[in-house]
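The following pair of complexes shares a single chain, chain A, combined with chain B in the former and chain C in the latter.
And then the complex of A and B:
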């Protein structure tokens, strides 16, 4: 396992894809800070680092979705996996070494984004206003959520021999899950009452009666939607990037469950896979 | 050229990917029509909302289809064989572009047919005037063809199917997000009946200049992008708001010509190994 990890990290060190993605993550962090600073200058909005510091959570899935299949898919096309098995490594060790490497790469991308926020953001828009406990919860939760993304994409990559197909599946999957999370967020955020307006002749509001909103979710439907929103890594992305979460421990537990489920299923499928 | 096209269409007929994306398109169209019918149980919504959404779905589907279908020619060395058999590279490129465009137009037609077949009996025909609807359909097909030309440019000039597939899918999603952003910035009103406080909250009141309103050279750049980018056109057609619908097909044609010329020039110089 140590040798497999060593080989993976050596390949990572020499990978243009890895360094390119790392540079993009850093650039994205710097761009977000400069954008907030320009908003402050142009419109006079009060801005703080809180609004950008956790922004990587929103794009963690989009960044790792092409990286993992392109980086590890090469092992299928070049026969590297078969070679690893031939020299005596178990399939489970190969799978876990790739999962750990993908998570380490994702953490490096996250760190590059945070570094950019610290280096560019603090001088321009100041330090974080959030309490340390909330910052730690958001960062810790984002890491577990990133691990869930890595587990899903590693499962798809290791069990699909065609690199192009796994790249497409991961990218389409992450965007579909993102759209699902945005839809669920919209349904859950619908207000319970809508204020009805009655206008007088001169355009003044004379009567505003709150009316029940038919789009408001109640009972079991609301619970199911909330559960799915918390379970989906993309739902967690939205919550962490907006620093709008109520129970970080529950979110981390759900992300860990997703991670465990996909790792278990992925390792089992890979164990039985015909590597040709 | 005719032989190349015949070979492409034969491969298409036997391709599981092609039949898969066609089935997906038909399924999505049926789903959209049924969802509209369900929404009509509470309030009347015309068929337009479901009928004109096809460019959005088709542009995502062809971003997957074109690199996977034509990328196989790189990895299977079919391109080298075609060149060795005496076909000019420009003809190979044009045949692939025509095949990709034919597939995307077929997907659009399949989507529209299924929405019309299910939607018209359930919620009635589209509310738009026939001439305007025809203009919207033709314009959106031109925008889809322009996107096809851009995707063929990437797929033909990138040997690695996985890289071109990832680039096309990621590119189309990012362009769609950028197009929605461009449109929202252009639609922001110049004045608001209120103001924004220091915390970024909206306070109702007298008309005040909207900080989100784009003016000057930045607006001009956004307006050019809004009519030139195929995804911007697609977003406008899908929301049935193509104000420049008369001109946009010409811009699409320009995108097709420019990207095809660039694609052929690059493909001619490409080392096919």
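And then the complex of A and C:
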């Protein structure tokens, strides 16, 4: 597999798509820092690097969803995958080499974003306020979540012979998962009680007595929603980007489970796939 | 005789369609094996199976004596190179970068062999030009160069001259002959252009409906493609009597036409026919080509 990894990294080095995405990630990091700094100047908000430093977690799926099918789908569309198999490399080795390369590329995009935050954000809005342990947990968790995204998109790319189709499937997939995560977040964030307004006799508007919110989830429903929100890589994206997570170990375990499930299924399907 | 590839009852089914049906063939070492068949006969399917791109439904094949079910088949595949259907190249890389990529895949420690390989296929002057901007012939030659990167003993080429201009066809033919003669590379080549194949092949395998219908050497094919004299006469019954009297092998085609499989004295034949009131209208020497042999073998039915 080292030979395959060597070949993949050589192609990555020559890929305009890779360098373009890397520049885009750096640019996005710089843009986020400048935007926060302008908010501070225009409205006087107190801003901290914490609010932008993990912003890449939010877009990790959106960045890798087109990159992985476009980069590795070329092997199917140009037929170059045949050159690897014909000379005796196993399908499992080809699959894992591509998964590792896609993860390495995603980590490079993340690093470019963090570099921009350090280079532009620290001089403008100062250093991180978060404690080192929380920073490490968010960084580690974001990396495992990124691996889960890579596993999902590698599974789709390696088992679809058409590059354009796999790119569309991955993009549609990530936006569907993102919508699902936003919906679950909304349900979980619903307040337990709602307070209405009442008009008093003398015409004044006063707060009504708090009443239980019918949209508030309880019991099993809440547990299932929370589990799905934690399981979805897009749900984890929202939690890491807002630095709003309670159990990073559980999130990492769930992301690792998603990674293992998609890699197992993807490798099995690819192993049995008839290639042209 | 030593064989590079031997298939035994190889079958490949796609749902109800039998792409290969109990196919058995043998490719001798050092040969240029012409694989002939109409569209959909199963040529590309066989090539996909032996390249490990697909698994057979039943049956087996052996490469250099190693059975396809054995683990060592992966090691043996290192000795082969292939161009299946279209050249397998990265279009966004130059010729040199495509070869560097394949050298990495193979684990070749140095890129030193790349200029020689590019020269061999006539792509030494392409520089940084991306494969996307190559002509079809150049892409085909780059595909062959990539297949040759591992210094293979067995080269599999699927329709290598499809869509090429006359010069492109000549270039590929000369390259294949050079590889076979100078490097002793065994070549399995499938092609629709039978006249072109006839200029290369030392052995033939004719495939139809997923089965090999005939396997023979070029020498055997030459003997089978008998020369004949096609004659037109006013009455073939009279002609038959005259030819019987001369002890000559013949075949009546119609009331006025027949093929004579011997060198006959035209004056003598004309005189014999004239004596019985039959006229000899014309006589033309004919050579049965690979094409007519193929048509006779598999029938001239409709193509897919």
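As a convention for this text, the second predicted complex is superposed on the first by the 268 of 276 C-alpha atoms of A that agree within 3 Å, B and C clash if a C-alpha of one lies under 4 Å from a C-alpha of the other, contacts with A are read in each partner's own complex, and residues count from 1 in each chain.
Keep this in mind: contacts are C-beta pairs under 8 Å (C-beta built on N, C-alpha and C of every residue); 3 or more make two chains touch, one makes a residue touch a chain.
Bear in mind the structure is a predicted one, so any value in this text is a computation, not a measurement.
K.L.:
Assess the superposed three-chain arrangement around chain A: do chain B and chain C clash, or do they fit?
P.N.:
In the arrangement built by aligning on chain A, the partners chain C and chain B fit side by side.
K.L.:
Applying the document's definition of touch, where does A:87 land relative to chain B and chain C: first, second, both, or neither?
P.N.:
The answer is second: A:87 touches chain C but not chain B.
K.L.:
What is the contact status of A:213 with respect to chain B (first) and chain C (second): first, second, both, or neither?
P.N.:
neither
K.L.:
What's your read, chain B or chain C touching more residues of chain A?
P.N.:
Of chain B and chain C, more residues of chain A lie in contact with C.
K.L.:
Check the residue A:172 against both partner chains and state whether it touches chain B (first), chain C (second), both, or neither.
P.N.:
After superposing on A, A:172 lies in contact with chain B but is clear of chain C.
K.L.:
Given the touch rule stated above, what does A:35 touch, chain B (first), chain C (second), both, or neither?
P.N.:
neither
K.L.:
Based on the superposed arrangement, let me know which partner A:244 touches: chain B (first), chain C (second), both, or neither?
P.N.:
A:244 sits against neither chain B nor chain C.
K.L.:
Considering only C-alpha centres, what angle arises at chain A between the directions to chain B and chain C, nearest 10 degrees?
P.N.:
80
K.L.:
Of the two partner chains, chain B (first) and chain C (second), which one does A:164 touch, if any: first, second, both, or neither?
P.N.:
In the superposed model, A:164 contacts chain B only, not chain C.
K.L.:
Quick check on the superposed pair: does A:46 touch chain B, chain C, both, or neither? Answer first, second, both or neither.
P.N.:
After superposition on chain A, A:46 lies in contact with chain B alone.
K.L.:
First (chain B), second (chain C), both or neither: which does A:78 touch?
P.N.:
A:78: touches chain C, not chain B.
K.L.:
In the superposed arrangement, which partner chain does A:16 touch: chain B (first), chain C (second), both, or neither?
P.N.:
second
K.L.:
Closest Cα approach between chain B and chain C after superposing, in Å?
P.N.:
9
K.L.:
Which parts of chain A are touched by chain B and by chain C alike?
P.N.:
Chain A residues touching both partners: none found.
K.L.:
Using the touch rule from the top, collect the residues of chain A that touch chain B in their complex.
P.N.:
On the chain A side, the touching residues are 42-46, 62, 66, 69-70, 73, 163-168, 171-172, 175, 214.
K.L.:
Would you pull the chain A residues touching chain C in the complex into a rising list?
P.N.:
On the chain A side, the touching residues are 2-4, 6-7, 10-11, 14-16, 74, 78-90, 272, 274-276.
K.L.:
Spell out the residues on chain B that touch chain A in their complex, using ranges where they run on.
P.N.:
Chain B residues touching chain A: 42, 60, 64, 67-68, 71, 161-166, 169-170, 173, 196, 198-200, 211.
K.L.:
Across the complex, what residues on chain C touch chain A?
P.N.:
Where chain C meets chain A, its residues are 14, 48, 51-55, 73-78, 80-82, 84-93, 97, 100-102, 104-107, 146-147, 150.
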